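In what follows, structures are represented as structure tokens.
Look at the two complexes coming up: chain A is in both, with chain B in one and chain C in the other.
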Partner chain A sequence: MSSEVEWPWQYNFPPFFTLQPHKETRVKQITAWKALILDYCGVNKICSIDLRETNEMSLFTNAAINRTLESSALLVILEELQNSGNAIPMDKQRQRWEIYWHTLEEFSQIIYNYVMNSNSLDMVLTIFELTESDDVANEEFYKLNSDVFIKVLRVLEKDNKCELILLEDSQGVKFF
Partner chain B sequence: MNRFEYTEPALSPNEYFLVKENNAKLYDGDQKTNFEGGMVHITTHRIFWGKPGHFANGQICLALPIQLIIRLDEEVPGTFSFSKSKKIVLYLKEPSPDRNEGPQLNSIYNFVKISFRDGYSQQISIALIESINKRRWEMIETPTTSAIEEKPMPNIKLRTGIIGIERSLIEKQKAADESINVAFQDLSKLMTMAKDMVRLSQNISTKIREKQGDITEDETVRFKSYLMSLGIDDPVTRDAFKSDNQYYRSLAKQICDIMVDPIEEIGGMMVLTDIYCRVNRARGLELLSPEDVLNACNLMQNMDLPLKLHVFDSGVKVLQLACLDSEIVAEGTAELLTERGSLNAEELAQFLGISVILAKERLLSSERCGKSCRDDSIEGLRFYPNLFLLRD
Partner chain C sequence: MRRRAGVGAIQKHKIAQEKYKDKGNEIQENQFEQMTKQLEVFRINLEDFATKHKNEIRKNADFRRQFQEMCATIGVDPLSSGKGFWSVLGIGDFYYELAVQIVEVCLATNEKNGGLISLSELRTRLIKARGQGKQHQEISMDDLICAAKKLKIFGSGFSVVSVGKGQYMVQSVPGELSMDHTAVLHQAASFGQAYASVNMLRTQLHWEEQRCSRALDHMLKEGLAWIDLQEPTEKRYYFPSMFTACINSK
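Let's look at the complex of A and B:
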């Protein structure tokens, strides 16, 4: 996985990988982690993290300084992400997490804006073309996981801004 | 008669004289012999026959080893017999081949008779039977042989079996006990000596105080320095105080007096165990218990003394300068961290010349102030300047 993430200075600072006991310090540390995780996931289009598989991710392991973020510390950070609407646990054991590099509300706004700008209102669009086609290659929601994408659309649906058309083999959406 | 031997009337070891009878005549079988009118001595080993006086003079007489006797009979003269003498008949085994020379080489009889013309007391036969049954001549052998065996015993230690192991353990324990006892004897002597030493030094110091004028200033100073090098010239002891509280207060004062300088020297903080060692080292004698030191230190804060007891969250107890501000210490630690990039407790301890425990406490307290942050990895706990707060 090639990442184009620009590592922040903290990434090369060994204490970054140890959860800090001092309250104020910890707040700063977790904020930095949250930003890094969202940045990384956004660049690499990663929508889910499994705590059992984090050791292979360069995000949580800096081989240069031989430091790895403990999964217990990561859990604390993920819970903070959940509080800000950027992550949701997928199972009861809180091992698998869905990561939203924008919150669902932010995404819904971004997508709606795109659809308006591309004059696609009142047209049926497939989810595939909204997330995979070259037209959206520069958009934030490019390559967004379809499950997540549907969750975003559900938010819009609530506001009566779109209607989902979910058939067995094709998934489409119509914006109003 | 060939069983009789010529011998000196001397008893062998372990042989005891039992009874004697006069007027005895020996028969070889049924045949009379020339050995008549003699005395018979019965011992545990042998029957002696000799002319009267022979025993006393130690002259050669006859002897029959009792071990050759198979059984004995008593012959009482019949009603029609002329002889009134009573006889003892001794049935004998074959003579041993290595016997001494005797009066007769061969004999066709395997029994002899001893005839007592005047009769004999019942004790003769009782003594004979007893000697035959007891077989004391055999008992000679056993003690002598066992005595030979016993001598090398101490050299060959029996180590067989569990008992052998247990025995050697018990022996070792005994030896250890003894050496410990000896050691403590020495110690108790030292303590009695120490009391005298303290008294002596007290006497001298009071005398110096009294005769301040008589001795020159220079001499006083020099003498006092000698006393100081021995320890404290006048240690605070429990005996001198009525209440514990008073004792602890004085002790607290004294500990402050002697410890302020060293504590200042090493940066304003010292672990209580070090205090304990140093104070007792300075006292030399009249040692303090850890509890006394702790109690005295507990009182310091309320006494406006330059030192106070501080307990870290980890439970480590230290004496620190009362004026010491933890904020300032944390600041100092942070400065060191920035200078060095990062530190662990050992490095800081080495750099400041303080104990590792204290160094760790310093790092932790600087962390609590937000001046540092930790890096807990398999390489151990390191501390870095708190860039999280500094850089943003």
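Let's look at the complex of A and C:
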């Protein structure tokens, strides 16, 4: 997968891949990692990260300087992402994580605004067309994983702004 | 028979003495008057000079350096006060302004370099911030050192550290750097790398291992260095303030 991420200077800074012991420095490090992970996932439309597969991701491994983010450090960063609503662990071992480059609440706003602006209220739309069609290619939620997308719609449903129609072979939604 | 001095003679003597004294006073007064006049002329000339060259002072780095040297030779510090006689020269103002801008740059970059910045990076950022005018661009390293040193009055919060080969760093966090810490920076700078390690310090400075790690760990605790544990042979202590990609980043 080709990434268009603009790597921050830290990505070439060897100690960026070692969790920093000094508190203030660590805060800076984690802040930079959070921003980089969300940026990378947003650009590459990655909705989940598995701690066992991070060696293969250029995000966590900079081959040029021979550094890989340790998984214990990544876990700390993911927990911070969870605190800000940008990640959720998918299993008890906290190995698989869902990543939200916008929080579910932010996504719900973005999607609702899109539906309003495209005059699609009160119409039944499929989740496929909302996430995969060319019409939404420039939207932030383009290629959003359908599980995540449904979670976002649940947020809107709670506010009575949409209704999910989940059938076995098709998933649709109506906004109002 | 020797005559004793009469009252007349004594009186005469006294009068003569008084005349001398008067004359003396007169001469003194004349001299004082002349000196005052000379000083006045000097002041007027200097003011003229200053008004005439005010722009030069702000614009020309060489001129400022020479002026500083001249003042140092005659034992005057034009920066010591923004008020009074010297203020007309605008020299103080120039450096105060520069000092404030230095503080601003230090604060703005603290986030990434932990409060340590090389003088050359400081200069680049400052010039960028000062705008396009030519007089804003010609800030010399001497100017910066001069202004940064003035910031010492705020206590140990600001200091200029020489790291060898004419390179300087400005520290803008509380907590003074000791000789050992300066030596560590010196080593990192002289290798053109942004890091130091125990081995490097032992070889180069012939320090005991303990002394090396104490100095390095202190800089880690001060937030000036980051540690890298992924080099197979040694722990490395990196200084973002010396790391090129960090220096060039926004």
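The rule is short, and it goes like this: the second predicted complex is superposed on the first by the 176 of 176 C-alpha atoms of A that agree within 3 Å, B and C clash if a C-alpha of one lies under 4 Å from a C-alpha of the other, contacts with A are read in each partner's own complex, and residues count from 1 in each chain.
In this text, contacts are C-beta pairs under 8 Å (C-beta built on N, C-alpha and C of every residue); 3 or more make two chains touch, one makes a residue touch a chain.
All of these numbers come straight from a predicted model, not from anything done at the bench.
Aligning the shared chain A places chain B and chain C in steric conflict.
Contacts of A:T25 after superposition: both chain B and chain C are touched.
Within the superposed three-chain model, A:F17 lies in touch with chain B and with chain C [touch as defined at top]. Once the two structures sit on top of each other via chain A, chain C runs into chain B at 326-334, and not at any other stretch of 236-244, 308-316 or 326-334. When both complexes are aligned on chain A by C-alpha atoms, chain A residues 9-10, 13-15, 17-18, 20-22, 24-25, 28-29, 66-67 touch chain B in the first and chain C in the second. Interface of chain A with chain B (complex): residues 9-10, 13-15, 17-18, 20-22, 24-25, 28-29, 32, 66-67.
Across the complex, chain A is touched by residues 111-112, 114, 195, 220-221, 223, 226-231, 236, 238, 240, 243, 245-246, 248-249 of chain C.
For chain A in complex with chain C, the residues that touch the partner chain are 8-10, 12-18, 20-22, 24-25, 28-29, 66-68. Those residues of chain B that touch chain A in the complex are listed here as 342, 367-368, 370, 373-377, 382, 384, 386-389, 391-392.
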